[in-house]
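We call the chains A, B, C and D, going by the order they appear; numbering starts again at 1 in every chain.
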Amino acid sequence: MALTITELLEAGPDPMPFDILRAAYVELHVRDLAASRRFYVDLLGLVVSAETDDALYLRGWEERVHHSIVLRQADQAAAARLGFRMRADADLDGLAHVLEGLGCTVWWVDGALPEMGRALRARDPFGFPLEFFHEIGLLDSQLQRYDLQRGAPIMRIDHFNLHSPAMEETFAFWQHLGFRCSEYISTDGEPEDERLAGAWLFRKPGVHDVALTLGRGPRLHHVGVWVPEPGGVLRTCDQLAAAGAGAAIERGPGRHGVSNAFFVYLRDPDGHRIELYTCDYYTGDPDHQPLRWSVADPRCRSFWGAVAPDSWYEESTELLGPDGRLIPTAAANLDERRARTQVMA
Amino acid sequence: MALTITELLEAGPDPMPFDILRAAYVELHVRDLAASRRFYVDLLGLVVSAETDDALYLRGWEERVHHSIVLRQADQAAAARLGFRMRADADLDGLAHVLEGLGCTVWWVDGALPEMGRALRARDPFGFPLEFFHEIGLLDSQLQRYDLQRGAPIMRIDHFNLHSPAMEETFAFWQHLGFRCSEYISTDGEPEDERLAGAWLFRKPGVHDVALTLGRGPRLHHVGVWVPEPGGVLRTCDQLAAAGAGAAIERGPGRHGVSNAFFVYLRDPDGHRIELYTCDYYTGDPDHQPLRWSVADPRCRSFWGAVAPDSWYEESTELLGPDGRLIPTAAANLDERRARTQVMA
Amino acid sequence: MALTITELLEAGPDPMPFDILRAAYVELHVRDLAASRRFYVDLLGLVVSAETDDALYLRGWEERVHHSIVLRQADQAAAARLGFRMRADADLDGLAHVLEGLGCTVWWVDGALPEMGRALRARDPFGFPLEFFHEIGLLDSQLQRYDLQRGAPIMRIDHFNLHSPAMEETFAFWQHLGFRCSEYISTDGEPEDERLAGAWLFRKPGVHDVALTLGRGPRLHHVGVWVPEPGGVLRTCDQLAAAGAGAAIERGPGRHGVSNAFFVYLRDPDGHRIELYTCDYYTGDPDHQPLRWSVADPRCRSFWGAVAPDSWYEESTELLGPDGRLIPTAAANLDERRARTQVMA
Amino acid sequence: MALTITELLEAGPDPMPFDILRAAYVELHVRDLAASRRFYVDLLGLVVSAETDDALYLRGWEERVHHSIVLRQADQAAAARLGFRMRADADLDGLAHVLEGLGCTVWWVDGALPEMGRALRARDPFGFPLEFFHEIGLLDSQLQRYDLQRGAPIMRIDHFNLHSPAMEETFAFWQHLGFRCSEYISTDGEPEDERLAGAWLFRKPGVHDVALTLGRGPRLHHVGVWVPEPGGVLRTCDQLAAAGAGAAIERGPGRHGVSNAFFVYLRDPDGHRIELYTCDYYTGDPDHQPLRWSVADPRCRSFWGAVAPDSWYEESTELLGPDGRLIPTAAANLDERRARTQVMA
């Protein structure tokens, strides 16, 4: 039996003998690496750190770590891995033990990706393919190369947004790893009936490193990347449309009530969703309390009221299991009439 | 038999012995003046030039003419008049003659509105209630009172967007008054079949003073007001939503392909539609050629691809006849399958 | 004896049997065309319409006329010509007569520049090399090629700012050509002593096509080019600095009180000054009255108070006479202590 | 003998058994509280949390802690205290011990300010009046009250910038408290001669909580407050100037090379300096290396090249000792010719 929201929030994050710094990189499988390169490099302007015949290692303009988005040529589109950086390599051993205790299958890799050392991989109880690591090569920041930037520009990776049909359990899992909650969407009702329709969880002191959204899962709804200001989001839209790639713009630009984000959602050539995200706020004080939204509040998802297209609710990136096959998904088990538009099948 | 687009464009604007400067003011009937005051003054921040028990005279922050939006308490919502300013009072006499020749009913008023002198009123052959005038009182510009401005802020009135079921005839009418075409949307097809789905017509050297949109008419689709930059449009949306008036945001913010406008469409408490509009361009050279858009081009109306809500196509402000009754409207007679989403019933 | 400000303003613009549309192009002589190309094309992103061994024909992103900035390889840096477009070619004959009456030397050229027809050149009584023309080739606007634009981007030429030691006489000259005054700076004092320290004069309905600034002249202080929004001005500065060309930024970004412009002043490799200019306003109504500023008002030139560097007051582009030699300049004859920082030697 | 820069950076931050979260509040003494209220509340729009006859407790729009700027009526202008928040109240005891070991005088207060509990005050070896605390009352965030915000708006306190004549010693002091270095300015020269002209030190993962600038000290150069985007900085300048308070704008707006900040510096009615600051970046990864700038690099302090006024280098806020008297200052002992404009007497 899942905990109620009240119980979950009272439980709070576990104090952990390791420090997960932040959401750090994603590996996406793409069916046409050249098309993906055009989208991520030529149009969005991400910085190329390394490139091989079948993979592209990209980073944002301020990032010094070798990569935050890895694109790999494959037969089917999928997210292969969600990577989190640890404060220290030694933290990994304690983490492995904790993950196993939480029901994860874990295994180690070493140097599996360029410029990376040993890493702990895990399939969590819900099917998400996770990786935790400390070692990664550093390169120069391109933060002030304004002469070369395009569009927004994309400064750094910010967060992963995950679909889950088992919100309370997934929320508890991340709390056990030390994640805190900045905001959540409640289905309303009596405290004992109230369920989570969405939750924003963080390690670095912004709104989130991981967001959970009620819906068919496990799936990756989107990867959020941080841009410095709303004007850049508008400019990116103009540049995409002018280049004949306007169809990549799925939702927005607009403002979320939750998180206060000024956003636009883009779909890459394989349908992977990227959120350009700005206007975050500081959450680092330990008594920062979660902000509650009712699922019935129209400003919750769309502060200005624009309705999201169906695709934004229905389509998401499927995940790759360790055997290279797509992880089966399950529909959300909540009474969807109560959760309204926030619920995905 | 209406002229084809090619014939219309070749005919071009008539050289006229008078000079219509620009779209200058609109009078809107509202059912709750206090609610309208809250919307236009408290939320949008228009400057109050004068106020009586049943009317409010507003202007934009850079405007020196006494009013550009007049709100009048009434039993039913409607647009009472579309006002155009002439270069000289003496121009009105020649204009009266020309208007009659074009099939208008015309009559004179004098001092009908505060700070105004004589004015020529007309009901055009399509039913639109027009007014032409020169005399109007001047006040100080508030352009640099940044300390008092809100949101966008609204600098000046820019244009009227009109629904017409008889596009070619209406287009020809305005050309006879010396208006030129900056952009138009064609239904495509052979030159002899090609019909107008939209047209942007100007006197002052921007994109338009009057736009025509194929649809049930005569109706006023919206009044466009000019704001200095996209950032202000976003700020206005944030302020409206924060004040609990987010439902006023109907469409956008976004970019039009036609006109290059960065826009947001708002609905006032009576449903009158206001477009905050920026990113216009200069059209004053005499050989400036109309830009053609195909109705099938998805970037035409929405450069970034966001779909307009049905209300934007279907709902518009009805017009008031000289007898104080609403002017009957007629549906558009074009094969609407060809004109796609641009066609309104 | 020059007229006073009051007399000048009362005189007003002459009604003219021709129509000067606007400031249209400038020809600048540069000593290293490759360096100029890097500045204007690679860094500022102007569109190249044509290019020869010794000349570069550039236009802004929305402009359809073939060129608005012509750069020509030469031994010395200078402004060769200030070009104004007429509504009709036939207007040129009447204009020639009027210019001669105003003390200009005039002569005709035909096809002197690519894509241009006959043009009337003139040396005005103060030494400024002027050209008036109607015929010029048209190209496609690049307005919506956001994918290719850089920095601001520059949309169109807007105005010329000229140094004159004989302000009232120069002001009267332009009024005789039909230019109207939008704003001016007065030295203060009794009406009969009050002199002009600056004046903004327009034909198209913005703040100016020609500005006059008291100082050693005749010289060209700067060419103003129009950009769509302040954010683009900041981005241009970032891009210039990142490209190692930050020394080109002379003054700003900032806000002028006069004209309300959000501006930055750049110096090209030859020291020619370019103003990126935005936040203009509409002046087209015939009763639009000039706005008076006192030279002692600190907000007049710098609304936010930042002091301009000495170079901005002292350095300007010299002008080329018909014989290919620089036109001699004369210092301003006004008591400069009264005019403060606005007066240039 | 002070350590060299190389030695300092190699030493790195001490691992500490306590966690200083961030720069949290400043108490400024002002001579006319009403004038200060007008500046901070009416013009800058800070949120009033509490108000007494002789004090004003302010916070930024996203802040939930009771105050980040405290203004207190006094006979002389001064900074009374720089406050830092700790992760836990229990951290204070260990910190007290460490501070004493570093040569600080320490003492405890309890409830000295409204909504605060016990706090550890200290006078550091250089004279700076510090306070460390955990307990503080929480209020609702006003983050999304866009309808009430003004100007920038100011979201939260970000950092303190301190003048020190003994840079290396001061730098070492903060490193001993666990602060890390994001960027620094070197005077250049051989490694053994190289001295610090500036240093940016952080606890929260941005560029800084404390910056040190070589110059007469101890003094407070400015308090940095965070704003969401450059456009808001421009708007604040426009609003200040329009309200007749333009003289408060001391430097900028502009871009710093160091920190990448888009900034404007304001002076309050007592001359206390406030930096509106945006465009920070993430520094939370443990191997984030300090960025070195040469004092000779013109882009270091002013990325676009605008020269700061003398006041920016020379004038700063003096500090209050525990006896209520101003703390004596000493000039910088470095050969100032080497450190150029970055050095303050």
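To be clear about the criterion, contacts are C-beta pairs under 8 Å (C-beta built on N, C-alpha and C of every residue); 3 or more make two chains touch, one makes a residue touch a chain.
Please read all numbers here as calculations on a predicted model, not as lab measurements.
Comparing mean CA positions across the assembly, the chain most remote from chain D is B. When the C-beta contacts at B-C and at A-C are tallied, the pair with the greater total is B-C. With centres set at the average Cα position, the gap from chain B to chain C is 33 Å. Look at where the CA atoms of chain A average out and do the same for chain B: the two points lie 44 Å apart. If you average the Cα atoms of chain A and of chain C, the two centres end up 51 Å apart. Looking at chain B, one finds that residues 144, 230-231, 238, 240-241, 303 touch two or more other chains. Within the complex, the chain B residues that touch chain D are 43, 144-148, 231, 235, 238-243. In the complex of the two chains, the chain D residues touching chain A come out as 21-22, 62, 64-65, 85, 87-88, 138, 141, 143-144, 155-156, 204-205, 228-231, 257, 260, 278-279, 281-282, 284-289, 291, 303.
For chain A in complex with chain B, the touching residues are 230-231, 234, 237-238, 240-241, 246-247, 249, 252-255, 262, 298-299, 303-307, 309.
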